[in-house]
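Below are two complexes that have chain A in common, paired first with chain B and then with chain C.
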Partner chain A sequence: MGFAQLHVLKGVFVKQVKILSRYIGSIVTIAVMPYMIGGLFTGIGYAVGGPSAQRNFVANTGISNPLLYMVLGGSIMLAAMIIMENVGSVIREEQLIGTFELHYLTPNNFILLWFYHIIPVALLMIMIFAFNVTPILLYEGGILSPIEWVVASFVVFLSMVPLVGVGLVIAALTVRFKEVDAVINVINSGITLLSGFFYPLEIFPRIIQEIAALVPTSHAVELLREIVAYKSIPLDTPSKLLVLAVLSVVYLAVGSITYKRWEEHAKRTGELSKY
Partner chain B sequence: MDVAVKVRDLKKIYITKERKGFFGGKKRRVEALKGISFEIRRGEIFGLLGPNGAGKTTTIKILSTLLLPDEGDAWVNGHHVVDEAPRVRESIGVSLYSDRGFYWKLTGRENLIYFAHLYHLDPRYAKERINYLLKLVDLEKDADRLVEEYSTGMKSKLNFARALLHDPPIVFLDEPTIGLDPNSARKVREVIMQLKDEGKTVLLTTHNMYEADILCDRIAIISKGTIAAIGTPSELKAMVEKHKILEIEVVGFDDSLVGNLRDVPGVINVAVRIRDPVSMRGEIKVVTDGNGILPEILGKLVERKVKVVSIRSVEPTLEDVFVYLTGERLEAEEDGVRATSRA
Partner chain C sequence: MQREQANFQSTRRVRFVKELWSFILEIKASAYLGLKTYFRYPAWIAADIITTPLWILVFILPILLFLPKEMWRNPQVINFFYWAMIMWDIVSAGLWSFGMAIRREQQTGTLEFLFLTNANRAVMFARSIFTRMLTLSISITYMTAIFMLLFGTPISFVNPMGIIAVLLLGLLVSCGFGELYGALVFRFKNVGPVTNILQFVILGISGIFFPITSIPDPYRVISYLSPFTYIADMVRHEAMSLPTLLPVWMEWMLLVLLAVVLNFVGLKTIQWIEKNLKIRGELGAY
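On to the complex of A and B.
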């Protein structure tokens, strides 16, 4: 990455952080949401499973603390949703406020530019992940070592990268069809269903599990649960990181190609400025 | 002659969809540009003068690389707008909207700092440049307020400053004073004149004939995607100087009268501005060949029971040139004013 690109990245980073910091209510909501979702599912679990709920949960998941399981899944689910929405709908929001075309007047690679917009959000989500998981770990009397934190943070970040590709596809589709919420909700639902945020994917038939293997967050959630629940780095971590890296390349390539095609179409039809 | 912008046979067609009922609709072709050509000399202020929908913004967007032309070519600072788009972007500063194009939760200064990063400006230079531009557009005192607190005039000035951030040799300004109060508009015009003094080339679109007259070295009159004439304001006005221009204030006008008046021998063109659609009060501008045809024009009006409030012969303005060439009036659809073109 050249100096010029670092300069652009710094500009985007500072802008995004300033804007995020001026919507403090949204950050607080995002930070506490995994606890609300986790508490909700844990409560439903006890209501359905009764006295044997805890025993069944351990037998099915191998993890003794359902709240940790749900909060961790909720954190990653929220991160995935926010990343996709950021790429998908921020472009549309930029069209609404009139800044979208202005980026196209600058001498930059626009795919990279939108990718830079995600980095501060991804870092925020890593902080929220830590903020959510740490109290439960402390309550259990343990905490992750620095190296475990580094690996966990890297896994969260790497699981967000392919979602930028998904976000670029959403951006192309939504700017084309003007139905941002509909497209994002459908894709979010699919990713949530197939990621195992709140249940083990083994409950699904084999074919669904194979499809779920193409969803990056399914690998991230599995790996993060092992790191956090057992406070150790599993031996298969490198291979799982490799899978995430390959998915990142594939998703980003698909996202970039789709976005470039839309961009060409938009420059022909004048849709760059239509919102 | 050193040419900063060269446009050859530029054509652009939009496909729009006309909606009917809940799901129905049909596609319609709108020819925004029908093969326009012009050149802008380095260091001059060149105006594209025309009403809304004439093709002014489409031209600026093609020259800014935001829109691809269907046919024709254009070069900006010697670079082709399609084949060398990144080089074109380095050469131009563009102001597209007067009150949009900002992050509302950032201050004016923070918005400029962000765009300075996107233009890869050195941080120290960017700081000095931003201070200079804020002073130039008279926004120094308000630079550290959030843009959401800015008035339309302040946003327009900030937009202007953003377009000049990287000190481009060529500046495109799309309706820079639209919606501004007289003081803000005057300030923006002063800055445009200062850009000329600095040797910059300015392409300005406007439907304000006064603005075009006082600012532009040369003007292209554009209507319905074609350029009707190009020249200095004096050259354009000379086109109608030999003609007599009558402005007739009437009540009870109806649109079919335009056709009747055009049929009068000696009438070159007619355009109407309706000021009150209830009483159909408005002004008819008639460009004549000057052969004393007023009685016949009045006869037509009386025949159609139109009440004539006043008649005066006026000095030619750029709007009269526009009426003469196109049969339309320039400042249409503003403040409840409706302009009617010839039948």
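On to the complex of A and C.
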């Protein structure tokens, strides 16, 4: 059974890598987007803040390099958005080209199958994260140690897992209602605001901070900032990883239940391949 | 001889009225299509209303980090950001309208049919400008309330009529800019990420989120070349009584001139590219 799953994973991985490599322009855009967003925020910030902009930024965030702060946040934000939308878009695409039903002829676990689709994308996002952060670190004259890179990559990956749960909910809505871009926009804006990709969450009232603690990316961004900006692994890393793991289980469980309910309903009503 | 001259003038008048009427009908059809498409997706309208304040916070909070905390509710700063968000709408109106409309028609295979008609090419693809006028009015009302609620600062509307005039002229300028950009989309088909990148560049160089006087001198020349610099400058002058880069009358004249010239050049460019694509048989290719 385990070996068979590896074959499925390999098949999905190869397929996804082939599809991703077909759209080099999109990958380049995603790779440079954090610099565009980070550059815009930093540029405007310096223009608005004047000579004391840097001092104010340090006082408000505790981090001395605004560009690193913004680019790091931008990379994780894009990764989160892409992962959440990807599950839904993979299923929708299969429906549109008429291959979605064919998957149901195989003896696969469909939650695992859609989860496998995310792995190549998550790996790509880890590479983009490294590609984004490294030049700034090199310019500063420092670089992360291999163990710090491993921990940082693991944090990025682990923060993506719960988002697959959100993706499964979006996928269920997508196949049910066909066009759910409006819902995705609402989910994206809420997660982006509460993750603190570009600002510390301490600026919000206590109640908002508590709600933000339920959003996995808020923990990931905080941890990554500490690893990358201070070039050290914080002492509370294991407890934060545990929180991310618990959130992963909860989000994936909610996502799986929602998806399976739709799947059963679709099989009964014959909606599975309707598009 | 006199009768012939009178007949000739009368025919010219009739033709002018007919052409004007046709032009009005084209505008009506384009506006109808734009509005009908917009109202077909009520979920998007609701999502816009829900997400706008969230995106505003996501965008403004990082910039506020560069200011001392006591300045975060400074009326001048908040008003600057408010008008910047409105200006963002104007910039994206031009960039996304024409290019996207042409591309959509190409993809759905209806572009060739539209080009069989003698309708004005600029009006034909200007449909989202009409919805943009509607959404801009909604945005102004809605964002005023949100900014007051989030930051506790009143929004300044020193000269409301002046603001309306600048915004309308701004939309026309943006429209002309969009026609030029749309012509490029028409020619090169898939422009990929260019629209997004261009949007960020324009926001950066046009002094939309900060006065261009804070840009170092040699780079400021680029800002002077952007038409959006003057729209932002005039909007802030009419709304917040801030001094302008050029004398006020000169900026009004410049905006009118930009609106006329950009629309004329944009239309001519679309027509020229259409002619070239027809010769090469690439009109409907995408």
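The rule is simple: the second predicted complex is superposed on the first by the 274 of 275 C-alpha atoms of A that agree within 3 Å, B and C clash if a C-alpha of one lies under 4 Å from a C-alpha of the other, contacts with A are read in each partner's own complex, and residues count from 1 in each chain.
As a working rule, contacts are C-beta pairs under 8 Å (C-beta built on N, C-alpha and C of every residue); 3 or more make two chains touch, one makes a residue touch a chain.
The model shown is predicted, which means the values in this text are computed figures rather than measured ones.
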{"item": "Fit-or-clash call for chain B and chain C when the two complexes are aligned on chain A", "value": "fit"}
{"item": "First (chain B), second (chain C), both or neither touched by A:208", "value": "neither"}
{"item": "Which of chain B and chain C A:60 touches, first, second, both or neither", "value": "second"}
{"item": "Chain B versus chain C as contact partner of A:12, first or second or both or neither", "value": "first"}
{"item": "Which superposed partner A:253 touches (first chain B, second chain C, both, neither)", "value": "neither"}
{"item": "Contacts of A:43 with chain B and chain C, given as first, second, both or neither", "value": "second"}
{"item": "First, second, both or neither for A:143, with chain B first and chain C second", "value": "neither"}
{"item": "Per-residue touch tally on chain A - higher for chain B or for chain C", "value": "C"}
{"item": "Chain C versus chain B - closest C-alpha approach in the superposed model, Å", "value": "8"}
{"item": "Complex contact set, residues of chain B against chain A", "value": "14-15, 58, 61, 64-68, 86, 89-90, 92, 94, 96-97, 100-106, 110, 113-120, 162"}
{"item": "Of all residues in chain C, those that touch chain A in their complex", "value": "41, 43-44, 46-48, 50-51, 54-55, 57-58, 61-69, 77, 80, 192-193, 196-197, 200, 203-204, 209-210, 214-215"}
{"item": "Partner chain B, residues of chain A touching it in the complex", "value": "4, 7-8, 10-12, 14-15, 18-19, 22-23, 97-99, 101-108, 113, 267-270, 272-273"}
{"item": "Partner chain C, residues of chain A touching it in the complex", "value": "25-26, 28-29, 33, 36-37, 39-41, 43-50, 52-53, 56-57, 59-61, 66, 70, 181-183, 185-186, 188-190, 192-193, 197-199, 203"}
